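Have a look at the structure below, then the notes.
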Amino acid sequence: MRNSSEERENTSKHLTRLESFSDGVFAIAITLLVLEVIQMLHSDGRAGLGQLLLGHWKSILVFFMGFLTILICWINHQLVVSYAEKADSNFFWVNGFVLLVVTFTPFPTAILAEYLETEKHLAMAVFGFNYFMMSVAAYSLTAYIYNRLSSKENNELLLCYKLIYKYTIVYTFLVFLVCFFAVPVAIFLYALLFIVFAFPKDFASKLLNRRIKRRSRKHVPMHAD
Amino acid sequence: MRNSSEERENTSKHLTRLESFSDGVFAIAITLLVLEVIQMLHSDGRAGLGQLLLGHWKSILVFFMGFLTILICWINHQLVVSYAEKADSNFFWVNGFVLLVVTFTPFPTAILAEYLETEKHLAMAVFGFNYFMMSVAAYSLTAYIYNRLSSKENNELLLCYKLIYKYTIVYTFLVFLVCFFAVPVAIFLYALLFIVFAFPKDFASKLLNRRIKRRSRKHVPMHAD
Amino acid sequence: MRNSSEERENTSKHLTRLESFSDGVFAIAITLLVLEVIQMLHSDGRAGLGQLLLGHWKSILVFFMGFLTILICWINHQLVVSYAEKADSNFFWVNGFVLLVVTFTPFPTAILAEYLETEKHLAMAVFGFNYFMMSVAAYSLTAYIYNRLSSKENNELLLCYKLIYKYTIVYTFLVFLVCFFAVPVAIFLYALLFIVFAFPKDFASKLLNRRIKRRSRKHVPMHAD
Amino acid sequence: MRNSSEERENTSKHLTRLESFSDGVFAIAITLLVLEVIQMLHSDGRAGLGQLLLGHWKSILVFFMGFLTILICWINHQLVVSYAEKADSNFFWVNGFVLLVVTFTPFPTAILAEYLETEKHLAMAVFGFNYFMMSVAAYSLTAYIYNRLSSKENNELLLCYKLIYKYTIVYTFLVFLVCFFAVPVAIFLYALLFIVFAFPKDFASKLLNRRIKRRSRKHVPMHAD
């Protein structure tokens, strides 16, 4: 039988490889997006370059949206995973679900670039459904780390992330419905979401401070909820 | 001549780079799958988006199967390799064989997506042959680590992995034959396989416990077989 | 609340993952360039191989330029980031800006390869604008690390990098304008730039020595500017 | 000024990132090869699957050759780089040269797959020229590490690698010339080369033992040449 010190060392190795594998997947998904932009160079035959760039500015814009999406997803992933102190079999699957959504992201991004003009409602909805899945994945990851893999003294902030991602599931589902009716409104609502998740730590810290204040007013202990 | 402490340090460096290189290969292979799904956007000319998604749901399903396959393969790889305590020249080649099969996987996956409707038996058999090669690779890797690279006190569980992968070679060969006759049966049998390898540690632990019980009934020492 | 030792350990983990994610993005961007060269094999139908290689030597040359660009960018990135002693939320975004430019680089490279003969001024200007953005990104990264993430005793050399990148913003903007009028002159000026950034450490060290000499002549303390 | 302990720590960081960046490039180059095999699925219109696999078995064979080439290159890279104890500015460039050849490898591989039947001599020569460049790169890397970055007590074996790679430059140049006249002979000679570099450590150890014996017969000290 393995003794506990070796078991612990091995556990940290599992975590390291999970992080390194995930970083690879994020890095590739974010870089593959440009292939879609390059594609348009070949699809348009021998058009003039100026004309090509002007005619495809929406594709380039969608490239930036896709890039931002995956970057924000990576920032939140590395923040939340830094709370994990070990890795077990289930964690590989919860994390695998996150990676599945990330890997899939270039597809709805390509759909948005291709169909933004001809079928904007459906294209936006496909893209928005991806955001919904992403928040389900982020919530699952955070909840699993909070409940199973983190030590209880250090995860006050992690609880806040969990709460934020939970609200985000509802939010992204509602905006997904909005996509079918009003694309500009949906884009505006997604932009709001981006602002929150661009700086998740600062946002969660504010939330935590508010919760601490409220609690201290009511004289209840910290881990009661 | 190198002294033994430097030799050991260097050996651990070889292992680290083998893991980091392997993680890279797995991460890229799993992410490249989506390119095949994006491809269908360009191949169908100017079809409607709804029509395109409905007409290609099988491609999207095959993407998920390919993703699952490589993810499960990675989970098993990192589990088994965590038992290795050093890396030698042969290990690079045994591991290289695993990576060859992983790298190749997007090809049978693309074949399955393309030919599932027109030539399902042959397409499924090509995909199934890949699973057979994968279990041969997994068995070779595990056997090599068990025999040469792990310390004898810690690898009771590793022996169970080795046994499981050995049975899997026979299993995947039989299912490969089934592919030529009954595709749904083959898919069902592969799904069973997925369930085992999704949680290889738990499965191997159960096997180990059964072996320990049986042995203690017969009063034979642990490493006798 | 987290205690400071755990906070520090976690911070170093954020930095490690930022580096590993960035290395992945650089590695993929630099390797994707070859896809564009392979593309020409398929676009030209059944031309003879000799004819194909001779007819496309410019594409191959542009591949080398793209490779050099991203390699130099990586060398400078890893040099500057080695001064960071922690990672905060803003750093993820400053670094994300660098990665955005790196990820985008295969697109202007592909444009240059495709349009170098028919619309050389515009194609070169698009490529040159990318260099301009790259120096803005490099300056932002360096300035942020200098001001916020490095310890004040060790970053004399970092200050020199910051100065060099600042001058480079002006330089690349001017060369960008030159692209519209004289492509060979622009290429020559970019080649000069490459020579400086191929060995940034040596160049910055010389600059630092000159500054130290000048200061010691004027009898002013080291951190006065 | 930095003190020497911090300088050393930073130097090891440069080395770590060089390794992680290189691993990424190798991993991507080796995985991109499969894209070329998938390509044939789309280029042949609606051919039967059996017919497609049989008609393209040469493409699949070339995929294996490309895979073997890059895998062997990686094995030798990680072996040689493990002797480096620091990283300096020039090392980034010598290593960058190796990565350039590795990144470029999918292109001659694709050429070989495409033109093996119609223009075998030229296609094989392009592929062979890549091997010649690869051995120049391997020699440069090894010589630089031997002369500048390794400690003199530990690198007896490294000297043997250096010698082997030097001979290989001549060998690959000669086989490159053979490509123009007799493709099967060239393939046979490359296969011999593969056998040596598949297990570089074992081969170099034998060479080292022979050198030690010869020296001890002549009574000359070890580092005399």
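Points to keep in mind about this one:
A, B, C and D are the chain letters, set down in written order, and residue numbers restart from 1 in every chain.
Just so it is clear, contacts are C-beta pairs under 8 Å (C-beta built on N, C-alpha and C of every residue); 3 or more make two chains touch, one makes a residue touch a chain.
Keep in mind that this is a model prediction, so the values were computed, not measured.
Seen from the Cα centre of subunit D, the chain whose own Cα centre is farthest off is A. Summary of the copy comparison: rotating subunit B onto subunit D for the best CA superposition needs 90 degrees, to the nearest 5.
In a homomeric contact, the two copies may use the same or different surfaces; for subunit A and subunit C, under half of the interface residue numbers are shared, pointing to different surfaces. As a whole-number value, the distance joining the C-alpha centres of subunit C and subunit D reads 27 Å. If you average the Cα atoms of subunit A and of subunit D, the two centres end up 38 Å apart. In subunit D, the residues that reach two or more other chains under the touch definition are 20, 23-24, 27-28, 32, 35. Against subunit C, in their complex, subunit D makes its touches with residues 1-2, 6, 10, 13-14, 17-18, 20-21, 23-25, 27-29, 32, 35-36, 39, 43, 89, 92-93, 96, 99-100, 103-104, 106-107, 110-111, 114-115, 118-119, 122-123, 126. By the touch rule above, subunit B contacts subunit A in their complex via residues 19-20, 23-24, 26-28, 30-35, 37-38, 41-42, 48-50, 53, 63-64, 67, 71, 74-75, 78-79, 82, 153-154, 156, 198-202.
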